[in-house]
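A short worksheet on the structure shown next.
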C-alpha cells in the first residue's frame, strides 16, 4: 500500500499545474549571440570538465561525435554578402522536455532544480530520448571509449566515465552545482549565491557571451538577460519551455 | 526417493557435484578486482584526497600570455581555466589554452633523453641517461667556448619571454655566441616595424577593444590569433553588449572571412595586398573632407594625394561609396580604432600597410585615447628579451650552416622544419650541422632530425614567468609554477641550461641551482627595485602572494603625449603587392591562415584540438582548400573533390571546401596540419600549405610574405571524404539564429516558418 | 469451396497432418540445418559481436540514432498482425475458408513476435538491463516510466505474445489429442502432456468453443492496439514527418497488409512443401488476394494523406522532410516502395492473377519487401534530418545490421520449421467441420476412445 | 487409450530430477562461495586492528581518518601518522616492525579497499559526518573488528555483515531522515 500511495503521490505531483514553480532553483542559461564569436572554447571546456571521449576520425566520419555543447553555424546570403552566424547549442533543460516522457526507465527526468537529468547507470540505451529531442543534443556511447595512456589521468573524478550503450548530454555541470550547494551548506546558507556556480562553458567563454544562474533570483545577471527585449528561445514553437535563452544577434 | 537405482543416483550425484562447482566458480568469476588504498608516506600540505587544489600559472600555448588556474586532484591536473585575476584574459581561455592538459598528458611525449643511433631522420633512437646526454653536449660546448669559437653554437627557440629568455641570453653570452634566435611563425615583425617607425617604440601599443565603438580591422583576425585573442574577445563582448549603451561596430577587411570577419557587422573583401591602399584612401577622404584639423594637415594632404577614393576603388575593388562611408563613420563614431594584421601584414608591402592603418588612427585622434590605441609604458622591470628572428635571418642562419660555420644547434620547442617553406631548404641545412640537440618535449619534425634529444618538462611541470606583450597599458607579470610533479624523466628547460652552464664552468655567471631559484631571484630584484605594487611585508610574502594570485601588475601608464615625426608623413605610401608566379600560370592567390585550432601547428598533436571542428567549416581531422562556389563551378568541382594546389615551389593535395565568403580569385588553406612527425594524432594527417609558399619577403623586416604566393588548382578527378560535424549550414528559414535591430526589435526574415506561439502557463 | 475438400475423408486429414509431423525427409533436415546455421552465423554471431563491441557495430550515428533494428522490429510486429487478428476476425465472422490456414497464420504471428521481441534486445544499448523496463518491485525502489510510449510498447507486446500463445495453444488442443492418439514413444508422451487430457466430450468441445470465441473477441482490439502503440513510438515524438495523427491507422493497415502478404507466402510454402495441396486451395489465395487488394488501396490512400498533411502544415521542417523522402538520398527506395506496395498490387484486380499460385507468391514477397522499405524509410529519412540543419546527418546501415536482418528471417524460418514438426499445422478438427459428415464406418474416432 | 497426463509426467521424472539437482547444485555452490570465500574481509598488508585502536584505546575515528569531515573521501592516514605514535608505542611487535620497514623504505602501505562504491555513485563522507551520522551506521561495528569486514546497513537499520551496499539501503535511510532532495537521482549519481 505504501508503495502504491507513493506512486500516486508522485503521479499527482507531476500532474499538478505549477509543479515546476515549486522548484528550489531554476537554473537557467542565457547566451548572447551578439557576443558569441564561434571560438568553441566552450566545447573544449566541456570536454575537459565532463570526461567527453575522444572518438577518433573514423567515428567522426560516421557521425558519431560526442559534443555536449556544440557551436552550430548558419550561413546567409552569397558572396560578397555572405554572413555567418554561430549559435552554441547544448541541452536546453526544457521544462516540458519531450525526452523525459519517452524514456521507458525514467533515466531522464526533471529534478527539483529545474534540470533535465540523465542518469547514466539507469540508461538502457533505447536512444528514444535522442529521437524525441528536437535540439539533437543527446549523444550516445556507441562503444566503450578509450583514452591513450596517460590521457586518462586528466579525467575528472567528479564525473563518471560513461560506458557503451549509454546516452549522455549536458548536465549544466551538475558536479559544480553540487559542490556549490555543499559550500553553501558549510557556510550555513540555505541557498547558493549568484555567481557561485558556473558551468565550464560559461566560466571559460572569452567574450562572456554565456551567463548562468538561478532564475528564481530576479535580480541576478541571468534574470536580467532573459528579460532583455532581444531574448528568444530556439524552436520555441515546439513549446518545450526550455531553460536556455538566447539573445538575438544584432543586425546593424 | 523411490525407484532410484545406483546408476541413476551416481549420475545425479555427479551432475550435482559439477553444478556445485559451476556455481562456486560463477561467483568467483564475478568478484571485483581488488582495489587498493594507497596512502601518502608523509601527508602533503597542499592537497588532500577528494578535494581539488587550484594552482595559478601562465599559459604557454601561444604568445598571448594568459593567466591560468589549474585544477588538480590527488596530484593530477584535471582542468585548466582562465585566471580571473589576470588582466589579459580575466577568467576566459581559448580552446588551445585548455587543451594544454593534453600537452602534459600526451601519450607521445618524450619520456627521457634519447640519442640518434643511425642516420638523421631515420627515427632510430636509443635511451641514454641525463648525465650522458648533458656530458655529450656540455663537453662539446666547453671545448668550443675554450677555443673561443662559441659563435659556432646556435640556439633556436620558440618565442620565450621573462627570466628564461634572460637565462638563454646570459648563457649564449657566456658561450660567446650571438646566434640566439627566437622564432615563431606567427610573430608580427611587420607590426613591430610599423609601430617602431610610427611611434618610435619597440613595443606594441595596447589596442583598447573594450571601449572602442568602431573597429576597422585590416586583415587582423583579432578573435583567433592576432596578438592576444582572448583579451580581444573580452573586449569584443564588452564593446558589443557591455556597460555602454552604444553598441560597438566592427568592420573586417580581408579576402577570406575569418572568425573575426564572421563576428563583424560588415565584411569587405579588398583585393589581397591592397588593404594599405584602402586605408590611405580612407585617410585621404578624412583629410580632404576637413575631418582632420591637426597642424600637419597640409602635409597629410600632400602625402595622400595619390590615394583618392576613386583610384583606390579601382585598385582594391571596393566601391568608392563604401570607402567614403567607412571614412566618415570612422570619424563620426568615436572612439574608433583601426588595426591591421593577418594576411594584410604578410604581403610584400606589409609594413607600409600597417603604417597606413596607424595613419588612420592618427587622423581620427585615436592614439592615447580610451577606446583607441594606448601606448604602453617602458617596462620598468624585466624587459622581454624577444629577439625574434625573421625569415631572412633564418635564411642567413641556414646559409651559415651550409658554410660550415655552425657546430652545435640547440633547439628549444621551435619547429622550423614544419614552419618554414620548403624553398628555404632548412632541413637540408640542418644536415651540415655536426650536432643538433633538441630540448623539445615532443618528437616534432625538427626534433626528429636531432642527434641528441634532451626532453624538457611541459610548462605545467616547470617554473617560469611571463610578461605579456603588449602590456595592458601597464606592465603585467605572472609566475608559472609546476602544478604536477614531472611525469617522466624530463627536465625543465632552464635546469638543462643551468646544468650545461655548470658543465662549462660558467656557473658564476649563472649561479642558480635550478630554475625555481633563478626565477625567485629575478622576482626578488623586481621586488627590491621597489616598483612592486604590493603591501606585502618582505619578499617572501610578496612571492607567496604573487604565486597565489598568479599575476602581478604595476600601475604605470604610458605616455599619452605623442608627437609624430614629420618625416614619417612624407614617407607614407603603399606599393602594390608583389606575388610570386604569373597570373596566367597561377591564377589564384593562396591565402594561408593559421588554423583556429592548431595555431601554427603546435596544437596538432592534441586530440581535443583535432576533434574540435574548425569554427567556419566544421571540418575535423584534416586539411582542405577553401574556394568560392563560383570558382568551384567554373572548375567543375564539388565539396570533397581532391585537387592539387600547385605553386612555383611545390604541390600539395587537399579536398575542396566551398566557402561562401572568399574572393573568387583566392583560395585559402589552414595551417597546422600536415605533420610528418609529432605523435600519433598529428602524424600524416592533412597537408601543410607552408611547404609550397614562395620565399617572397617583406623587404623592411625580412618577414616571410606568406600571403604572396600564387597557385594553380588542378583537379585530380579523385574524391576524399571531408570529415565534418556539420550537416547543412543554412537555416532554411527556420529562424534558429534570430536577429534584432539595436533596440531589440525583431527583424523579420524572409521565408519564416513561424507558427503562433502559445505561451505555456503552468 | 466445400466441393474442393469433398473428396477428402476424415482419415485423410489425420493421415496427412500426422504424416507431416512424423515423417521427416532429408529435405527437411537440410532446410532446418540451413536455416539454423544461417541464424547462428548471421543473427547470433553478429549480435554477440555487437554486445561485446557496443551498438557502434551498427551504422547508427548522431542524429540517426535509430536504424534498421527498429525498422525490422516494426516489420516483424507488422508481420505478426494478420495471423492472429485475421484468424480471430474470420472466426467470429464464421468464414470457414479460414480453417485450413489459420494455424500456420497464428504460428506466424507468434514467431514474428518472438523475432520482434529479440529485436528489442538487439536494438537497445544495454540489453542486460532490459528488465528495468518491466514493472516489478526492486531494491532500487524504482519503477519504469509509465508515460513512455516505449513502456506502452512493452506492455502491449507482452500482452499480445501472451494472448497469441494462449490462442494458438488452445485452438490446437483437440489436434494435439488427435496426434497423441496416432503416435507412440516420446511423441506420445509429449502430445499427451500438450493435449492436457483432452477426450473430446461434448462438455469439452463446448468449453473450448466458448473460450476460443471469447479470446478471439479479446485479441482483436489488442492486435489493433499493438501496432497503434508501436506507431506512437514515432508519432508521439515531435520529429518532422513522424509527428502525425495518421500514424496509428497507418501502422495498423500497414501491419495487416504485410501480415496478410506474409500469410500468402507461408501458405504457398506449406502447400508446396508440406503436402497440403488439398487443404490450401485457390480459394484461399483468391480470398486473401481480395483482402490484400483492399489493404493496398487503403495503404496508398494513407500515404497520400501523409504527404498532404506535410504539405498542408506549411512548415520548413515538414517540407524538407517530405522533399528529402521523395527526392533525397533515399528517394530510389521510396519510389521502389510505391511501386511494390501501391502499384504492383493493382494486378490483383484480375481474378486470374489472384488464383495463380506463383504470381501471388512473388507479389506477396514483393509487398513485404516494399513494406520493409517503408519501415526503413520512416526511420532513415526522418531522424537524421530534424529541426536543426547543422546537426543533420545521413544514416546508412552497417554490415552487421544487414546480417542481423538476414539472420532474423533465418531465425523466423527455423522457428517455423520446428513448429511444423510439433504443431499440426492445419487445424484438423476445424477442417473437418467444413466437410460433410462421413458415413459411418469410414470414420476414425475424432479423438481418443472412451476409457 | 490413456488420455491422462499423469503417466507421461512420470516418464519425465528423471529429467526433472536432473534439472532440480543441477539447479540446487548451482545455488549451493554459489552460496558456498559467498559463505566461505566472501572476499569481504581481505587480508591487509599489516594486520591493523580497529578493535585495539578504536575499541580498546578509544581513539576517535577522525583522529586518523582526518579528512572524513572535510572531504568526500575519508582517506587513509599517511604512513607518517602511524609512525608518529608507534615510534614510542609497542615498537617491538612484529606488525609494528613491518610498519617500520615501510617507513624506512619510504613506501606507502597498499591497504586493500573494502568499502567500495561504483564509479557512477557520488558519495561524500563530509556531508554524512557533518550531519552527525555515526561512522558505524554505515561501516558496522568497526571498533569490534580485528580485520575490517564489508558491512552495510539493512533496511531495518541493523548492520549487515558481508553485504555490499545497495541503492535501496541508501534510499531507506534518506527517506527515514527526510534528507533534502534525498531521493533525487542526481544527489547521489554522477
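Going by the order they are written in, the chains are A, B, C and D; count residues from 1 in each one.
Everything below uses one rule, namely that a residue touches a chain if its C-beta (ideal position, glycine included) is under 8 Å from a C-beta of that chain, and two chains touch if they have at least 3 such contacts.
As the structure is a prediction and not an experimental result, all values here were calculated from the model.
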Task: Partner chains that chain B and chain C have in common - done: A, D
- [ ] Averaging the CA atoms per chain, pick out the one whose centre lands closest to the mean of every protein CA shown.
- [x] A
Open item on the list: Per the definition at the top, count C-beta pairs in contact and tell me whether C-D or A-B has more.
Closed with: A-B
Task: chain B and chain D: spacing of chain centres that average the CA atoms, whole Å - done: 52
Open item on the list: Can you compute the centre-to-centre distance for chain A and chain B, using the mean CA position of each chain? Integer Å is fine.
Closed with: 30
Task: Intercentroid distance (Cα basis), chain D paired with chain A, Å - done: 36
- [ ] Give the residues of chain D that touch two or more other chains, as numbers and ranges in rising order.
- [x] none
Task: Touching two or more other chains - residues of chain A - done: 65, 70, 72-74, 109, 122, 234-235
Open item on the list: Could you pull out the residues of chain C that touch at least 2 other chains?
Closed with: 387-391, 393
TODO: Treating touching as the only link between chains, describe the layout with one word: line, ring, star, complete or other.
DONE: complete
Task: chain B residues touching chain A - in the complex, by the definition given at the top - done: 73-74, 76-82, 89, 91-95, 97-99, 101-102, 104-107, 223-224, 229-230, 233-234, 236-238, 240-241, 247, 249, 257, 259-263, 265, 267-269, 487, 596, 607-613, 615-616, 618, 620-622, 628-630, 660-664, 680, 721, 723, 725-726, 729-731, 736-747, 754-755, 757-758, 760, 762
TODO: Name, in rising order, each residue of chain A that touches chain B in their complex.
DONE: 17-21, 32-35, 37-41, 43-45, 47-49, 54-55, 57, 60-61, 65, 67, 70-80, 82-87, 95-96, 148-151, 153-157, 200, 203-209, 228-230, 232, 234-237, 239, 241, 246-252
Open item on the list: Looking at the complex, which residues from chain D come into contact with chain B?
Closed with: 14, 17-18, 21-34, 37, 39, 42, 67, 70-73, 75-81, 102-103, 106-113, 116, 125
- [ ] Write out the stretch or stretches of chain D touching chain A in their complex.
- [x] 118-120, 122, 124, 126-127, 130, 181, 184-187, 189-190
Task: Touching residues (chain side chain A, partner chain C) in the complex - done: 3, 7, 59, 62-66, 70, 72-74, 89, 98, 101-106, 109, 122-128, 130-132, 134-136, 138-144, 164-167, 234-235, 238
